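Each of the two complexes below includes subunit A, the first together with subunit B, the second together with subunit C.
Right, the complex of A and B next:
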């Protein structure tokens, strides 16, 4: 077995027994947020890290999933289990539009800025149609997920939500791992390194880009639906505002771009840091800004990238030495 | 809708467009030489407005020296930012990628919340610099002095910028660095000096925009974010890296926004502005004035 696989098993095993040991609701909530952001970052990393397309505005894709699912559950009485997948399907359709800027443009700021503007368009449309979405007053009154066996989701039971999001996270890591090793993943890598070279070697650039956007936006949409039913309230500024995207980008970069573990490490590190910074009171966000700036300057490869580059070779050398001596 | 109303809307659109262009020109300039998007640009705009507000209301200094104080303070702030954060990052120019994006995003969070802590969350107001209204055609067309001032100031600053870039030594160095940083340094251009100068000039542009617009929009810690997004949209629409493009993009978006306010409604103006950008880029991916093959 590979060492990476063992670490992965240990990590998920730890997460699985965590709620059995610690039952404090606040800590479980932070953990759920960590895993939720890990899912977001893993989905976005498919586009930004592995395919090298710096598309922004992905918070809108998650938000669309959440809003569609919540509206269907509230107005049509559909089970949330079906709702989140219909929502994710809608995110996928919107995701197709979001892939448009990346199809014709190659340089980073053009893609980044135009997709950021698309994200703003989605937020403004939701905020400007209060008769459907209740705008900034907030959409609430979604049903809880129906129970599965012993897991009851009523009243925002943290343990059940913990296991639900853990299942999603494991699923997402598996999916990302599969995609990266599949022909699609190789095509994505080729596009990241050089589009013209990839095209000349027979990679269908347009098709690859659209496919990866569709997969990523579906994944965002599912977690957006999860968020809607977990948090029980949606407002355009909190769900669709650019701050969520800012967090996702910071997490991926702090953790380590274009790796599977990096975005998850970044999501856990920054979410937990944000909670710890609460002791600074009003200075919390100032400290947060300082941490991001310092980590970009001193950990240019991200936490995981630096670990991999600096520490792992050292460990390997050591173990080699111990074998030879 | 009367012709007078439409003319008034177009004039206010042009005012808006010039201020967007001023913000966009700074973003465009930084992209041209440093090849990075500066997400802290809006915060320099916000700081400019705050420094001018401090000088005018608390320092009781006359308007023109206050404006100069605001500009000088922002120039110092941007120099400090460049030396402490951007310069260390530029050491390995090959692997720049998305790092500057996150770095300046962190800076933006830092500056915005520092301003919130120092100046508080109250919206502050600066009196109009020119408190006159000009009327034409029996009052059908009105022109506020403040708007004339915005157009005049933006126009002269942008023209000055273009003259500096075209005809001075440092301007030539900036253009050479924009074409190819490594090559320029081989030819004896002090690239680090050029990077610092570009950042400071861009900070100056942001400060002028912030100070000029402060009397119209109130001064608050979040004022930079919205303007920055618009400024970025304008310079991408016009073609990144060209100052003329930022002006054209700013005018298109500014006029479109003002007309939308009258035709569809205020809350849809940003939607229209962003959709114009996305549609335009779909048709012409290099922006209106961008060179073919530069994208």
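Right, the complex of A and C next:
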């Protein structure tokens, strides 16, 4: 069994037993946010880290998933279990609408700007159709997820939502791992390193980029739907605003780009840090900014990247030395 | 070397920001954070407390609404300091010191929920004001109320009609949740009825046409929608409905557009004072001829000073407080002494609602919702600086005559004072035509 797989098992095992040990609602809520952001960052990292497509505006895809799911549940009485997947499918359609014309471009700045505009366009459409979405007045009235066996979601049961998002996170890690190790993943890596070289080796660059973008859009949409039924209130500024994307980018950079563990580590690190920094009172966000700046300066490969490239080999070397002497 | 320089610069920046902290003012009075048990008013030496009542509060201390969130906090801190100075809350012959613990919601629902959970689950506060201002955060936090049935939840402001609608959907579930402010339909009524009154008085052109220039927030849109609905029901036509991001300061394109449409009345709503100042100056510069009705921004400090004569004659709402009354002047002096800032409406709201809560605790003889505080708070008839606080059947404060003041005022020719022109029962001066 590979060490990485063992670490993964331990990590998810710990997450699985955590709510059985810690019942405090606040801590469970923070943990749910950590896992939710881990799903966001893993989805985005698939496109940005592994395929090299620095697309912004991904919060729009999550937001579309959330709004579609919420509106279907409120207006049509559809079960949230179905609503989140219809919402994710709609996110994928938006992703297709953007990616098919845009990802033919090779230069990253153009993709970044055009995807950022996508995010703004979606936000403005949602904000300016209050008769459908209630705009900035807030869409609420979504249901909790219906119960599954012993798991009851009513009343915002933190433990049940914990396990639901944990299942999503495990699925997402599995999907990302599978994609990265598949021929599609190898094509993504080739594109990231050099689109021209990849094309010369027979990789269909545009098709690969669009495929991975659509997969990522669907994944973002599912978690957007989760957010909608967990928080039960949606506003364009809180869900579709650019600050959400900034947070996702920061988490991936801090955790480690183009790795499977890095985005998850970044999501956990920054979410927990934000809450921990409440002890700084009014200077909380100042401290938060300083931490991000320092981590980008001193850990340019991110936490996981630094661990993997510098600390783990150093520890391996030391243990080999102690064995031989 | 480069990294060391960057680190050094970062440290210098932090030190600069810390040095800009207004916590220590020149006259030697120190404003301590209440969450470290600070109490700027020195209690009398002889007061000893028998216990502590922990009061939590969650509001937007950072983000777009920080100006209002911090103002509400300042009002609450003053109320806490004054109660502690007079011996705290008295229950059953015992004196309880009030400890205020404040957390930042950043204006985001998930952060507001986290902050509220922390105060309730970790800090174990006895009473909570959450969330203080932002409707989307309030809607998210409302679902925590049933999980903590022993704690009374109260907002300070927050106008979304979604909140009383959610309460009405299950009053028993939200029995310990209170919205200590009116809803946007009350705002809409004040704007619409005020506009119709002004037309009757010959203050506007004769055509029943209206335009809206609003900030793209729940506050802006819900107030605008409420006013539009009532005006439409009275035969008015909306010729334009312009929305700008919160904090925008360039309204030239909207103003030129409205000039072409020439509405009789333009209703504008901005929370950041910078937007209000910019809008007023730009309207004055272009020489627009419609009658302006402003929502909320003329209440902000600096508005009159920065707009100068451009704001003379402006009609605005809400005049909830009479800024010239002896009570308000005294309150303004106390806020200035404590925080070294001019008085604003959010401070008054924070002060009044907090006092109302403490008064209800004393009346109930308990801070537990299930042991009587919910009922006592629900039955409040508190006379504050904003007016008389009474909750309706949806746990929402009532606005109107005899309740919370929601009047239309006009900035006088001196461009500094405002007098109430509507409703007539509260009229302090007759309206005059804007330039």
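The working rule: the second predicted complex is superposed on the first by the 318 of 325 C-alpha atoms of A that agree within 3 Å, B and C clash if a C-alpha of one lies under 4 Å from a C-alpha of the other, contacts with A are read in each partner's own complex, and residues count from 1 in each chain.
We take it that a residue touches a chain if its C-beta (ideal position, glycine included) is under 8 Å from a C-beta of that chain, and two chains touch if they have at least 3 such contacts.
Everything quoted here is computed from the prediction, not taken from an experiment.
Peer 1: After superposition on the shared chain, which partner residues are touched by A:101: those of subunit B (first), subunit C (second), both, or neither?
Peer 2: A:101 sits against subunit B, while subunit C stays out of touch.
Peer 1: Touching A:285, do we find subunit B (first), subunit C (second), both, or neither?
Peer 2: Once the two structures are laid over each other on A, A:285 reaches both partners.
Peer 1: For A:29, using the defined touch cut-off, is the partner it touches subunit B, subunit C, both, or neither? Pick first, second, both or neither.
Peer 2: second
Peer 1: By the touch definition at the top of the document, which applies to A:128: first (subunit B), second (subunit C), both, or neither?
Peer 2: A:128 sits against subunit B and subunit C alike.
Peer 1: After superposition on the shared chain, which partner residues are touched by A:9: those of subunit B (first), subunit C (second), both, or neither?
Peer 2: neither
Peer 1: So, A:148: does it touch subunit B (first), subunit C (second), both, or neither?
Peer 2: In the superposition, A:148 contacts neither subunit B nor subunit C.
Peer 1: Counting only touches as set out at the top, which of subunit B and subunit C does A:311 meet: first, second, both, neither?
Peer 2: neither
Peer 1: Going by the contact rule set out at the top, does A:300 touch subunit B (first), subunit C (second), both, or neither?
Peer 2: After superposing on A, A:300 lies in contact with subunit B but is clear of subunit C.
Peer 1: Is there a shared patch on subunit A that both subunit B and subunit C touch, and which residues make it up?
Peer 2: Subunit A residues touching both partners: 127-128, 282-283, 285-286, 290, 293, 297.
Peer 1: Please output the residues of subunit A touching subunit C within their complex, sorted ascending.
Peer 2: 24-27, 29-30, 33, 127-128, 130, 134-138, 140-141, 155-156, 227, 231-233, 235, 237-238, 274-275, 278, 281-286, 290, 293-294, 297-298
Peer 1: Would you tell me which residues of subunit B are touching subunit A in their complex?
Peer 2: Of all residues in subunit B, those touching subunit A are 31, 37, 85, 88-89, 92, 95, 97-99, 101-103, 105-114, 117, 229, 232-233, 236, 240, 267-268, 270-271, 274-275, 277-278, 281-282, 285, 287, 294-295.
Peer 1: Would you mind writing out the residues of subunit A in touch with subunit B in their complex?
Peer 2: Residue list for subunit A touching subunit B: 48, 54, 100-101, 104-110, 112-114, 116-118, 120-121, 124-125, 127-128, 246, 249-250, 253-254, 257, 282-283, 285-286, 288-293, 296-297, 300.
Peer 1: Which stretch or stretches of subunit C touch subunit A in the complex?
Peer 2: Subunit C reaches subunit A through residues 3, 6-7, 10, 14, 17-18, 21, 33, 35, 61-62, 64, 103-104, 107-111, 113-115, 117-118, 120-122, 135-136, 139-140, 143-144, 146-147, 160-162, 166, 216-218, 220-222, 225, 243.
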